[in-house]
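Accompanying notes for the structure given below.
The chains carry the letters A, B, C and D, assigned in the order they are written, with residues numbered from 1 in each.
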Amino acid sequence: MKVEKVEFDALSRIIGHLNAISVGVKQAIKPERITTEYPRERRKLPDNFRGLILFEKDRCISCFRCAFICPANAIQMELYDNYYPSIDYSKCIFCHFCVDSCPTTALKQTKIHDVAFKDLDEMVVHTDEMINPPELLREDKITVEYKINGKLVLERKREVEDLIVDVIPVKRIEYHSACVNPQNCLGDALCALICPTNAITVVEEEGRRIMKIDTAKCTGCGLCVRECPTKTLGLVRREG
Amino acid sequence: MLDAIFEMFKGNMVYIPLIQPIVNALMKIPIVNYIVALILWKPFFAVAILPGLGGIMIVLLLMVYWERKLTARVQWRVGPLEVCRPLRGLIQPLADGLRYFFQEVIVHVEAHRPYYVQLPILTFIPVLLPILFIPAGEIVAVRSQYAIQIIVALIALIPITIIAIGWASNNRFAYIGTVREAMMYFAYEIPFVIAVLAMILMYGSGDPYVIVEKQTVPGIVMNPIAFLVFFIATLMATSRLPFEIPEADQEIAFGPFVEYSGILFGIVMTLAYEKLYIMCLLMTILFFGGWSGFAIPLLGDLTPAIWLFVKAVVIMLIIALSRSIYPRFRLDQALRLGWTSMLGISLFSLAIAVVKVWWLG
Amino acid sequence: MYQWEIKIPKKIHDTKFFGNLKIEVIDKGICSHCGTCATICPVNGIKVEDKPIYFPNWEKECIDCGACIKVCPRWDYKPLNGIGDYLEILAAKSKRFKGQDGAMVTEIMASAFEMDLIDRAIFVGRDENWKPITSIVKDIEQLFEETIRGTKYSFADVMPRIKEVVKDYRVGVIGTPCMMSGVRKLQQESGIFNNIKLAIGLFCTENFYHWQLHEFLLKEKNVEMKDAVKTDIKRGKFIVSLKNGSKVSFPVKEFDPIIPSGCEVCQDFAAIESDVSVGSVGSKAGYSSVIVRRENAKKVLDYIFEKEYAERGEVNIDAIQKLCEFKIKIHPYPPKH
Amino acid sequence: MKEFSIDVPVEPPTELKPLFVPIPAEYVEDAYKSDEFIVLVGPQHPGSGHMRIIVKVHGDIIVDAIPDPGYVHRSMEKIAENRLYIQNIPLFERPSIMDNANFNLGYIRAIEESLNIEVPERAKYLRTIMAELCRIGTHLYDAAILAVFIGHTTGFMYPFAVREIICECLVRMTGARFTSSFIIPGGVRRDVDKKVLDFVRKATFEIERRLKNFEKIFIKNPATIARLREVGVLSKEEAIKYGVVGPFLRASGVEYDVRKIESYEAYDDLDWEIVVADEGDGYARFLVRVNEINQSLNIIRQAIAKIPEGDVISQDLFEGVDSSTKNPKDIRGAFYDVFANLTLPLGETTTLTEAARGLLLYTIVSDGESNVPYRVRIVTPGWLYLRGFMESLKGERLADLQAIYGSFGYFPPEADR
């Protein structure tokens, strides 16, 4: 397709000037404004909006997947009773790879996108701060939604949108760790060291070392399987 | 001696029925009555309050706000809002001015320090000089038969101060900016003078009083071509878009004013608005019937001044729209426009005036 | 609930296991520098470089698992000697490869690749100073490179490199007799090392630290290793062939001051625990002696001769036998001094 | 006209020395000995910044222009070598955040080509829609920058307002306004529902309607035309010689578009045309992109009308992966298991993508066993047409530098990577 040639003689110039002025005047009289007065009004965001990440402790199996996948290295695992993620929002790029990686939906997206931090240290949001949404001081009374019915209309409703989204947890098959190749074992007990739930224990006796996996405690995170240097361990489907 | 001066003041005071009781009361208090008499002395009133400095202050505050607000409106935005929300951000320019006040003024090493600091303040002189000759009804500083010619001559002084500012800045961009300013000066000055000349020819006098008196039909109807030339010359002279060539912040980073900061920058930036104000006053007198308008009994002598001011301000507000419609021309294009089309149509407007005066009476 | 148990060796000294190894083997001077301990170390702490084996900061970082002691060939050392069991002894010369002698090591490895016996092989290349650089070979094409052939007479970190590939691939290893012993110990210890499908042993009297060899040749013999094209030991003489065509040769005896103490207790000349041992001793110039010890190696050799990649030569078993005995003589254990 | 050079010894300014200007001292001295002088445009430039052009002017005419790019060089290719394949997705969106979908797409296609994954049809259409939305966004952004370069503030605001609608479309589709990291090897991260696609379709008409205002006030404004016409002309031969790409090449009359020549995603199924202009001046470059916006809107409408139902993530990905969820409509829960240990087979894969500003090349070299790329090569359009940009500056006025800069839509982060 060839681009249309634009005339540039005196007449078309005058028409051009008049056109430009007419648009200017028209918009000055009746503007098609699309600005929202943000802190007082708030844009309605879709449910899949990638905002601040919340954390549900009960669901977490301490599998470190979020920390491993994070492209910005923003997630660090912190030790409480187990290892739980903490997010450094000075690094986070809101790609939500962690949310998609979480096999148990312990990490959830919210619509919160405007949080003020006092300093860089505070930007490291620890696990206990991630469980509850941050304190919200909301000035907004109006929710604005972009609606197009032939023309773009900013629909203003006097309502306050809930920023926390209900996330439907993904269906998950449960696993537990098992010793599949005992003859490979070196007895190095790295699995016991890494196990976030202390499901793997080592008892040292005279001349031998007894390794145990407590499948009841095991969350099936697969960390020991990844860590084992000799492929001794493997994940097995949990029965029942 | 003092009494003689006081008598002179008293004999030529602005009469405003609305505040006359207060004036009368104040006139009885010693010393205060001197001050009141001075303020209401017509020449002083013209220069210091309306249409002089006071007018300029109002115009500056209003114009900056209006320009931003109008541009925002055209551009589907809101504009300044947060400074005093109930007034929709009306005092934003005041806040900006305040900020300029507390900002550090940096004078760089290579600048000519005395001129660099003094010139922005000195520019007030060529700006205020034309106001001496602009009458608003009875309120006038200097009454002259050749007032229009003198005003045009004095307006021509303003670019010289800008060039001096650029010179004192001693900067490559400032240099380019001043050269552009000088070139633009030549481009618009001649058509501008010819357009004014056409109007003077039409009215047969350079006396504003005669001009206003003769405008039973506004000058814009009598000679629209001259108005067009005058209008474009105004845009060029005050370096408004599409002729914002000397400043051109994307190309040469504010040209002559590139090195200024703080309150000096604030003063320098008002220069264009002050010039615009004077041009608009002149335009009102030449094309829009000056201070003529229905009398408001309560304001007395102030009525014509208010009319003049209001008309000028309205024109300014309309001119502000040009900023959101046009991009910037290149220098050579603007020069070509000035030296060919504008010169041509200004001569045409002169011809219209000649035809009207000689053949139609 | 899963439960399994591991035997752990006895500690002689009351310190971590690496401490035991350090005292009993490394500090005693019987460490052969084979690097088996580094191969198995689960925390990758043990370092094999051009100096005695060490574990920086082991007091803290060693997790005290005892794996290093379990696999160390010199822990509780009983020297192996003699020519060992074998299925067949033969001499051969590769037609495809050109090497120091018969290039049979490269040939066997290449054939193993062709037979899809292994996916990765660990070879020792060298830089311009003849410093050994281990490289993991993925296909036959890489074997045609010049630098990975020829004997370097210096310790290389062959064993630790096994760790990188052994989890996912079948591996072929070439090494000195002590490394072969290490490989067998590894295979006893953990099933994962059964992935080492082919272990080729080299005839070895002694091996050197590269820097010592380099310095010795430079100072005593005024030979720059940069200029060398080939090093060899023939009839008790160390021969360095130089780029300009001249040769420098001197009796091996002169090396005595730089022989590492670990080698002085080693009596294994013919890599008894390997799958197949290769060396120049016992065959004519341009041929290699090959001692086939196990079935997997036998298959490879059969394949080679079936495809006629190599031609046979005459082998002199007595010569090998003689050198085995000679090594026992010069390396008595326990050492005399 | 005879010219007289002033024989006054002028000291070259010392300021050029500490600024690490990549020109020899003699160059500056020569300029100062003759009638010319050197103006540094940038790097703190009111328009775009992050880029310095060393301009030698003779009076008002540019004699020579030397680019000094690299102010926003982040060594992306090197960073990529230390990251998992999947972790590079957010990284490779960053050179040009307006154009994230196209930049993402090129990389993902290289991975897919290497792994030999068949992408589901629906995912292909969704990718096409996203790529075109980003193309419109980028063209609008460039138009806005061009407007601000020649001093038109309304021309700056209108495209950004229209871009807001595009952002709204993208946020509804992907959850992020830009840098959505939405395209993954084997498809897209999750399915987009019908309502959202309907909104996007309606939005295209709204964009078209609003662009009419923009056309009157900026595109067809005589002052704009005056500034851009016959400025920075690159003839067809020159454009090819200097390796100009994308809409800027098409503006010089070369009919070349990767989407037609090596069609990818759903472009082959849709009906659209390559936009070409003959003049090769600044205005033609601008108009080509304006017309491409219309083509893109057309593509989006067609794609939404034609989009098939079905999966959005390739089933090949789940093969051999021990993942708990294998939902072909949503990657949630299986992201790590599928992608963390993604390893490309040994070899080199190259893809060409038509990004908004032109040809975008990705080459991934894999060593066949590690889960990070051995080498990634990105050649961005900005870098390719920088030479043409500099050549077109010569002989123009200093005031035209901005107009030409804007007409090329040069985006330093994209060129510097």
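Going forward, a residue touches a chain if its C-beta (ideal position, glycine included) is under 8 Å from a C-beta of that chain, and two chains touch if they have at least 3 such contacts.
In this text, all values refer to a predicted model and were calculated from it rather than measured experimentally.
Chain D has its Cα centroid nearest to the centroid of all protein Cα atoms in the structure. With chains reduced to the mean position of their C-alpha atoms, the one farthest from subunit A is B.
Contact tally for A-D versus B-D: the pair with more C-beta pairs in contact is A-D.
A separation of 96 Å divides the Cα centre of subunit B from that of subunit C.
Distance from the subunit C centre to the subunit D centre is 56 Å, each centre being the mean of its Cα atoms. Mean C-alpha positions place subunit A and subunit D at a centre distance of 28 Å.
Mean C-alpha positions place subunit B and subunit D at a centre distance of 46 Å. Counting partner chains per residue, subunit D shows two or more touched chains at residues 154, 161, 217-218, 221, 226. Subunit A has residues 20, 23-24, 27, 32, 34 in contact with two or more other chains.
Contacts with at least two other chains are made by residues 74-77, 324-326 of subunit B. Interface residues of subunit A facing subunit C in the complex, by the touch rule stated above, are 178-179, 181-190, 193, 204, 207-215, 229-231. If you check the complex, the residues on subunit B that touch subunit D are 71, 74-77, 172, 176, 241-242, 244-245, 248-251, 253, 323-333. By the touch criterion given at the top, residues 1-4, 6, 8, 12-13, 16-17, 19-20, 22-24, 27, 32, 34, 45-46, 48-50, 65, 68-72, 93-97, 99-105, 109, 146, 148-152, 170-175, 235 of subunit A touch subunit D in their complex. Within the complex, the subunit B residues that touch subunit A are 70, 73-78, 81, 321, 324-326.
Within the complex formed with subunit B, the subunit A residues making contact are 20-21, 23-25, 27-28, 31-35, 37.
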